[in-house]
Each structure stands twice: as structure tokens, then as C-alpha cells.
Amino acid sequence: MADNTNSKEINSFQKRKNKIEMQKQLITFALMILFTIIAFVIVATGTMEKMFLIPVILVLAVIQVAFQFYYFMHMKDKGHETPALMIYGGIWAAILTIVGLMLLVWW
Amino acid sequence: MKGWMGKFKGLFLLGSLALVLSACGQENLTALEPKGYGAEKALDLIILTTVVMLFVLVIVMLIYTAVLLRYRKKKGQENYIPKQVEGNKALETIWTVIPIILLIIIAVPTVTATFDLADETGASDHLNIQVTGNQYWWHFNYEGQEIQTSQDLYIPAGEKVYLNMKSSDVIHSFWVPSISGKMDVNPENENTMFIEAYEEGVYWGKCAELCGPSHSLMDFKVVVVSQEEFDQWVEDMKNVDPKAQPQDAVAQEGQALFQENNCMGCHAIGSSPAAVGPNLTNFGSRSKIAGILEPTKENLVRWIMDPEEIKPGNKMTGNYPDVSEEEADKIAEYLLQLEPSEITPEDAGK
Amino acid sequence: MSHDHSLNPETMPHEPEKATLEGKNKFLGFWFFLGGETVLFACLFGTYLALRNSTAGGPSTNDLFGLELVFIMTILLLTSSLTSVYAMYHMKNNNFKKMQLWLGITALLGFSFLGCEIYEFTHYIHEYDFTFRSSALGSAFYTLVGFHGGHVTFGLLWLIALMVRNAKRGLNLYNAPKFYVFSLYWHFIDVVWVFIFTVVYLMGKVG
Amino acid sequence: MSIAATQNRGFGAVLWDYLTTVDHKKIAHLYLFGGGFFFLLGGLEAMIIRIQLMKPENDFVSAGFYNEVLTMHGTTMIFLAAMPLILSLMNAVVPLQIGARDVAFPFLNSLGFWLFLFGGLILNCSWFLGGAPDAGWTAYAPLSTTSPGHGVDFYVLGLQISGAGTLIAGINFLVTIINMRAPGMTYMRMPLFTWTTFVTSTLILFAFPALTIGLFLLMFDRLFGSAFFDVSLGGNAIIWEHIFWIFGHPEVYILILPAFGIFSEVIATFAKKRLFGYTAMVFATILIAFLGFMVWAHHMFTVGLGPVANSIFAIATMAIAVPTGIKIFNWLATLWGGSITINSAMLWSLGFIPTFTIGGMTGVMLASVVADYQYHDSYFVVAHFHYVIVGGTLFGILAGLHYWWPKMFGRILDEKLGKITFWIFLIGFHLTFFIQHFLGLMGMPRRYWVFLEGQGLDTGNLISTIGAFLMAIGVILFLANVVITAVRGEKVEDDPFDGRTLEWATASPPVHYNFKQTPLIRGLDPLWIEKTDGNGKITPAEPVGDIHMPNGSFLPFMMSLGLFIAGFGFIYQVNYNWAYILLFGGMGILLACMLIRSVKDDLGYHITKEELEREAD
């Protein structure tokens, strides 16, 4: 089991790295809030054609979710290859499921 | 000793082939002697795919037998260690590519036939029939014709007929093997399929989706008659007088009993769409009672006395007052003379 | 070799959640679980999308939904996602007190979210007579959103159990993975919510 | 804890040991007995089916009861027999094959088993509580939502509970295989059974949540008045079909892939050859799993999805023949040039090849949409899936049991009896199911309580029934073999079959910590490499040191019991208010156990170096 040698206390290099990471996460958060507001506003004001509106808010949602996964949940970091693989597997099955249920239920 | 394992399989195949040749099952029921467009298309594909599959099977079995004959551990060589082969690119490519080609050979006709059978463009030029699946009986409503029948579906030979199918309760599936493949009858979506029967005859239809205890008894018939006979049948059915008095006295009593017991609450005679129970307009000409029993009076009496014994879980049981055997007999007499048309299953050839 | 090293708060590695084999297993296992949850919610979304117009004569989504409350709920949950990021930040710096503080805030935000959701549901039921049983849409709506709410509730119970249990003893290699895995769960709940507000509420408003 | 020690302990102690064990080898025994029990039950139901269909218009059982038997046969066989038996072999073998001391989550491993068992029990309680489910194992709505009585409710809760157990087992194996391989065991050195376990677990991970949701929807409709499948309130029954098959098709690959893995091991061992085309085998497995998610609608060709959807799904389905074919030919190539020993394990594997090939081919024939309009829901389909499930999965399980029995129990199954069993079962099997292809085409739909006289179906059905009796004899012989072996079976050394993979490098049965020293892996077939290039012993990767072991726990049993009780609560709250006591009580037990598990530190214990050295003597 990994016994640690160098970590009687958190060293300052590590602390700095954590801080930079945190700043990135803050920026991500700001963007997420922004996207949310955009999505709500375009729906509330009804300024956009429905044909465009739905893809736009879906794309906004997908970007937000990518932020959550990659920044908040660290999927961009090392050691997350298998988690990423499994999440993409899940998304693959999820897309098939949703497309199937949307298109092949009423006719 | 194991050599005969391969041979054993071979024997099996031969035996079964013999079986196919000697007996394809009951005429007008089996899918192996098609009498209609859909069934013919299906059989073409069945034969094509079987041939391709047999080809593959033969190859597999050849290698298999060869392996078992040649590479069993030999006496005196107990310690022989074979060469540890990792693989072989060329071989592996071959057995990836050849199956792909074989699959294309069957995929193309499959897709073509699928689109062919799903074609509904000509529907409005042809006879359209509304098919309703019910726990455990079938109802047919000839669209635009004011004709309603149950259990026996009359269609003209050599004509495309479009069936618009929907269920009133659970999912059923409409299957007349020798005329066409099946189509599910769903409660929320209407399905359309066409059938075209080549020859006159009475064809067995079956429900092919588990729908309750009497699923296996939900048979029906497709009565294929010539175009002239069909036209006459339509004419006769349109002119039915639901109130008509039967000739003989017993039947008249039966008719009275039929009214008294409120049988009309569920059943209809004539083109009224009441559809809790089967429409009885041409009951006397039906090829079977309840889809399965020979159309004799004894059987009908049995049915009226205790339908549960014949079709467990049916919706008639318990929904009418008890009738005595005598009364049932009279009702049966009445019902069996409901023959508004001269065109009956007997006219459908055989 | 002493066997209780994993309980010693002094030895805090860079990634405490993955410092032991147990931790690594938990980390990976939980990610996989989330992969499965993706399909779980996909089925609910699919069902909802298939039934979104099945009002059976009752109110439609456009009649029902108000955007203000949903917006507030969204902000609450998004923020709680950030606060749990802060908690993990402090965990990595081995600052247990601050971690607990941020987790506490996360819990508070979570409870407010849940409160709004309960209010929303009762509102629909009383004002519109729109229930779980009134139409297929009702069933699909309450099931999808309710499953998410159920996840939030379970998450809150879990979080409180974790915080209370470890309040006295602080952070160590045995419980660090547990906190970390919780934070993953909480983010995932947020992910689901992003799709719920987009697919259910915003698209429901557009029709 | 050697065998001798186990035998000397009292019955109570052994029972308690099994109730609380988290050792993967004991859990393998539990799965074996649980799954075996349900297999007999499912087989008994199959016999009832066959007796009823022995002659036309038979009245051996009533219509309603037939539907119950047929539903329970399918459900039991798939969820409670085949999958647990596979999980038994996975548990027994996979940690050994990768050189691990246990699985990643021993506690969850045991929880998975108890959930399966209690789920199965709940399902079978329905027999005594007003009737079993009767809507087919596919439980199509609205038949399932309107089926009277509580039968389908038992189906829903039983599968929900045991499904949760399977999902847990899947995640467990994934993590075990990723994180706990011995040093040097790269992915491309993993034995194929480990590979197929890995891929199967992925399938479980993505397929079972769909079943979970499907069952929830069904449960809400039946027990809580929702309207998912109620057409009058805008519901749609096709949704159930999609969700069921989105789960259901991957499920059939969950059943077959581990069997593929078993055959790969058995064939390589007894041909004394390295598996031909190992890399291709691995990628074929992955490809099958991947494609397996895109073909579900081939069960719904006749639903009316339209020609576009039907064509797409038909082509995707056919594509699966390619990777499967790669496997078949690779097995043949492995045999080619080998020095083949034919014993019982090998017989089942050799019997599998032609049988499964036929089954797979009828599968491709089914994928041919328009032809499927004829085949669908007829006995042709019944024949297809018994060829692949019995001829693939069940043969695989039997091959695996004969092969690994010595590893699991330290005794070898009787060879002579094993061979007789095989031949009787094989002949019975083909008699039963080959003819059913023709019955289907001759117009016999499946799920038919009776077939009518005079439709040309009599002879075929009679032959089929005779075959089923032969299969039953086969099964009984196998049971006899197990009993005889247990009583006076031959004890074996560690490596009776001249094995190639790591599990043969430990004792038979293995000590509870599996390996005293974690092995160092130098290539594919590590033991074989050491036998041919080394001294026949695996090199250890670490010095003898303390071994960390997990503690046993009674909580998994209690948690599953809690769900079991709550299950009855859910079912009966419809009729009686007191059932809420069961519902909340059961859930309370579950949550309390979860809380205990969460707050009580469970750090396991250590076997010290000294103890290890002492035990070695």
C-alpha cells in the first residue's frame, strides 16, 4: 500500500497547484452560470425560432455538463482514463436509448 | 469414439431434411407452402438464408471433423507438445471477410423485401379493413362498407387487402402463416399491413403475442373467395336485417331468449359497431365456434352453458344470466341459422 | 510495518482519495456506478420525452411550468456543486475544518433545493390537479424529476452521516475516499439537473 | 482454513461462516448452490411445459397455470440459474486468474449474492401466494399491467432485487480486474475468461439500469396507479418493449460471453496449444458487446416500427455474426495441430461448437426481417434461443464446472459418468429443440398452452417431449456425479489438467488468501510459460509479508432480508394497511444496515508473516 514519504505536510508546490486548479474551476463555474442564464433568457423572452432554440439550449447543456465532468469531477486529469471510458460508454447507451424511445414509440 | 459425433450431426441434418420434404405441416396453416404474397416473400428469404447458413455450417463441420479425426492425442505421444501458434493474419482476414460477403448477400434482399412489404402507398385504392384484436377474438370492420364480422375474415383472391389493426386491450399479433407474416396489434398505434392471397381457401390464423390464458385458443380464419363471390357476400352482408325472424319455432324462441338475456348488450347482429363481444351477423356460416370448435349445435350449447371451460379467462363468462340446457339449445338453434349470405367457407374451394 | 497508518492524519498524500487500494477501488467503482446511472436516467428521459404530450386532457407542460422557481433551483444546485468543489480543495490541502464548512454549505443549498422542489410539486397538485396518476405525462414527469429529487435526498442523508461520523476524528486515508466519492455523486446530480432543466422545463415551455 | 478444518467444525459454525463470508471462493460456492437449485426448479418447469405439450389439447395443467409455468421457466432460467451459475464461476476463477487475493469489494460481493438469493425467493414465493407471474418473461404491457392477482408484482420485485445484486457484481468485477491484477499482468496478458468477465461486466453495468427503470415503471403502474402503459391516460406500451429489450438483448450476450471465455480456456488447455488469435478473440468480444447495444429492436420487427428502423436493426444484428464467426474459427484453429485430450470438460466444449453455430445461424435467419415476420413468436424462436442458451451458455457452464471443479472443491468429477451425461444430454437436447424449428414454421406459435388436433403438429411435439426427458436424465446423472464426487471423489493435486493460467498455480482448493506471495506475470498463459521456460513455478513479485484480509459480515444478509421484507410491503400495501409496516420496517432494516456499514470502520485484519510461514508446514 502506498505509504507516503514526502507528505508530513502539504508542500507549497502542491498547494499552489491546487490553487490554480481552483481558479480554473471558478472560471468554469462562472461560465456555467452564464450559460444557464442565456438558456433561460432565450426561452423566457421567446426571441428565437423554436427550430433553433432547442438545439441551442441543448448544446449549452452539453457544454455545461462537459465542464462538470472535466473540471469539477476532474475527468481531464491523469488517472481518469477508465472513468472517462465508462462514462462515454454510458453516454453511448444513453443516446441510443433516448433516440430509440423518442423516435420509435408513436407512429 | 468421438469421430461419430460429427457424423451424428450429419445424420441429424439428413433426417430433418427428410422431415421437411415429407411433411411441411398442415396445408393452409404452414408457412412452408405459401399461398399469399407476404408468405411467398418470406419463404424466398427463408430458403436463401438457409442455403447460406448450410454452406457455412458445412464448412465449420468439415474443419471440425478434420480436427477431431487428426489431432486427437496419439498413443505413445503423451508428452508431445504442439507448436504454440499465435495466429495467422491471412487466415483471420479470410474468415472475417467471407462472412461479411455472405451477410451482404442476405442483407440486400432482406432490406428490399422489408420496404416492399411495408409499402402503403396504394392503400386507398384497395379494400381496407379495420382489424381489432380482443381478448380472445378478432373483429373485422370493412371500412366504408358498413360490414362487421368477427372471427372469419372474408377477402377476395388475388387482391391486395389493407388491414388497419389496433387492439382494444392487450397486445395481440395477427398471423396467417400461409398467407403472410405477422403484424402486432397494439393498443395505442394503428398498424397497417397488406395481405394478398393467391388461391381460394380457408386459411388458419393465429394470435402470436401472449395475451392471456386463452392466447392459444384465439384462432381465426381467413376465407378467401373469388372476386364475384366476394362481391355477392358484401351485398348480402349489407342487406342483413338484424331483426329478421327465423323460420322455425324453436329458433324463434331462441331469438326471444337471446333478447331476454340481453345478449345484444355485448354482441351485435348487423352492422352496428357494438364490439364488447363478437359480431354474430353470419354466425351460422362460421367455420368454427369461438375460433376453435367444430360448428355443431352440441358445441355451441357447450359454449353457451360454460364458455370458461372452453376458453379460460374469456370476457363472456359471468356476464349473462345462467341459462338452462334447454334454453341454450334454443339459442343455439337461432344462432346457427344466422346465414345471411350464400357465400360460406365451403365456397372457398375445398 | 504498522497497520493503522491509514488512520494517521499526519500522512496526507496529494490525492488522499486514491492513496490506498481500497480508495482506488472505491474511486473507480463509483465512477462506474455513475456510468450505469447515466443509462438509468437516459431511460427516464426517454420515457418522459415519449410521453411529454400525453396530457390526457390535463394541463400541458407549457401551462404548468414557471421559469422563475426553476431558475432559482438551478442556481442553488449549481452553486452547491461549486461549494463541494471547494470542500475537495480543502481536503487536498488537508484542512478538515474548512472542508466541513463547505460541505455544510453544500448541504444547506441541497436542502433549499429540495424545499423548492417539494413546493413545486405541491403547487402543481393543488393548483392544477396535476398528479402522478392523472396522465401519462404526470407519471413521467414526477418519476423523472422525483428520481432526481430522490437522489438529492439520499445524497443529503449520506453527506450528513459522513460529516457527523467524522466530525471528531478529522480526515484520514480511510475516510478521504468516502468524501471524495460523495463529491462525485453530488456533481453527477447536478449533471442530471442540467438536463432536467433544459429538457423538461425549458423545452416544456417552448412546447 | 483448510478443508479439514472446515469439516471438523459443527454445522452451525459452517452455516454462520457461509452467512457472513466475504471470501470470493465461498461466495462462488453459494452462487453455485443457489443457481443450481433454481436451475432444477426451472428445469422442473420446463418438464411441465413439455409434458403439457406432449399431445394435442392436453389438459395436464390449466391454461392459467401454464402461463405461470412458462413465465417462471424463462425468468428463473435466465435470472436465477444461468447468471448466478456464471457468477459462481467468475467468483471462483477470476481473482485467481489475475493473481489477486480477493475481489475489489468483498462486502459488496456477498451483498450481491444475498440480493440475488432473496430476489429469487421473493419471485418464487408467488407460487404459494395466489399464483406466479403469467405474462411471459418479457412481461409485455398492458398484459402485465392488467394481469390480475399479485403474480406480476412478485416478478417486478424479485427481479428488481436480484437485478440490483447483479449490477453490484458487475461493478465489482470491473474494478477487480482493472485495479487488482498482479504485477506484469497487462490487459493483453489476461486470460480470455477474465476478459469476457470484464466485458460482460460492462454489459451488466449499462444494461441493468434499463431493466431497473423498466421494472420501476411497471411497479408504479401496477402498485401506485401511474399511467405509463395505460393507453386511456396517454400511456404507451411500446415504451416497455423498448426498455425491456434495451436491457434484454445485451442480457443474452451477458449470458453467452462468459461461456465463450470458458471455452477459450478449456479448448486451449486440452489442445495443449496457445489460444489461436488471442488479440482477435479479445477484440471480437468487445465488438460483440458494442454491437449488442444497437440491435435490441430485432425482437420488435413485427411491432410496426416501420421499414427504415427494421432494416437498420436487421443489418446491425447480422453484423454480430462476424465477430462471433471469428471466435468459432479461432477455436477451430486452436484445435488444429493440437494434441487434443477429450474429457468431460472438453466434450461439452466440442459439443458447443456445432450446436452454437446452428443457433447463431438461426439467429441470423431471424434477423432477416421479412422472414422474421414468419418466425417471430413461433417455436422457431424457441428453438433458436435454446440452441444458443443451452448449447452455448449451459454447455459453457457445464464445461466450466467440470474444468474448475477440482479448483473449487479439490476433487475431480467422475469422468465416465461425465461422458455418459454429456451424450445423453446432447442427444436429448437436439431431439427436443431441432424439431421445434419446423414446428414454428408449420404454424405453431410459442407460449401456447395447447395446440389443436389435426394441425400436423403432433409428432413433432411428441419427439420434443421425449428429448426433454433425456435431458432430464442427463441432469440427474450430473447431480449423481456431484454427490458421488463429494462422497468418494478422488482428491487431486493443484494442477490436474496441466493448466496454462494462474489459477492452476495455487492449491486446489486455494487457501483463503489465494497466494502467499503475489505472483509475477511474464506473459500470456503465465503458468505455461513457467512450465516451458522456467522451473514450473511462478516467480513471486514480493517477499513473504503480512496479508491484509477483509472481515466477514452479516450485514449483506440483513440488508437483503430487509429488502425482501420491504418487497412484501410494496406488494401488499395495495390491499392491506398493515403492509406498510413491512414496507417501512424492511426499508428501515436496509437503511440501518447501510448506516452501520457507513459509520463503523471495517479495516479488516492481517495475516502475519509468521502465521503464513507456520501454515506452510
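Letters are used for the chains, namely A, B, C and D, taken in the order the chains are written, and counting of residues starts over at 1 for each.
Criterion: contacts are C-beta pairs under 8 Å (C-beta built on N, C-alpha and C of every residue); 3 or more make two chains touch, one makes a residue touch a chain.
These numbers come from a predicted model, not from an experiment.
> Closest chain to the protein's overall Cα mean, using per-chain Cα means, please.
Of all chains shown, the one whose C-alpha centre lies nearest the global C-alpha mean is D.
> Express in whole angstrom the distance between the two chain centres, defined as the mean CA positions of subunit A and subunit D.
Those two chain centres are 36 Å apart.
> What whole-Å value do you get for the distance between subunit A and subunit C if each is reduced to the mean of its CA atoms?
Chain centroid spacing, subunit A to subunit C, equals 14 Å.
> CA centre of subunit A versus CA centre of subunit B: separation in Å?
From the centre of subunit A to the centre of subunit B is 52 Å.
> Residue numbers in subunit D touching 2 or more other chains?
Residues 174, 178, 205-207, 210, 235-236, 238-239, 242-243, 246, 304, 306, 548.
> Please output the residue numbers of subunit C that touch at least 2 other chains, ranges allowed.
In subunit C, 6, 21, 28, 32, 35-37, 39, 43, 46-47, 50 touch at least two other chains.
> Can you list every residue of subunit B that touches 2 or more other chains, as numbers and ranges?
Touching at least two other chains: 188-189.
> Okay, what are all the chain pairs that touch?
Every pair of chains in contact is listed here: A-B, A-C, A-D, B-D, C-D.
> Once bound in the complex, which stretches of subunit C touch subunit D?
1, 3-4, 6-7, 21, 24-25, 28-29, 32-33, 35-37, 39-40, 43-44, 46-47, 50-51, 53-56, 132-140, 143, 158, 161-162, 165, 174, 178
> Show me the residue ranges of subunit A that touch subunit D in the complex, using the header's touch definition.
1, 82, 86, 89-90, 92-93, 96-97, 100-101, 103-107
> Mind listing the subunit D positions that touch subunit B in their complex?
Interface residues on subunit D, with respect to subunit B: 62-64, 66-67, 134-136, 140, 142-143, 146, 231, 235-238, 271-274, 276-280, 302-304, 306-307, 310-311, 314-315, 318-319, 321-322, 325-326, 328-330, 332-333, 335-342, 347, 350-351, 353-354, 357-358, 361-362, 364-365, 367-374, 376-378, 430, 434-435, 438, 441-443, 445, 447-452, 454-457, 532.
> Given the complex with subunit C, which residues does subunit A contribute to the contact?
Residues 1-4, 7-10, 14-15, 18, 21-22, 25-26, 29, 32-33, 36, 39-40, 43-44, 50, 53-54, 57-58, 60-61, 64-65, 68-69, 72-73, 79-80, 82-83, 86-87, 89-91, 93-95, 97-98, 100-102, 105-106.
> Can you list the residues on subunit B that touch subunit A in the complex?
188-189
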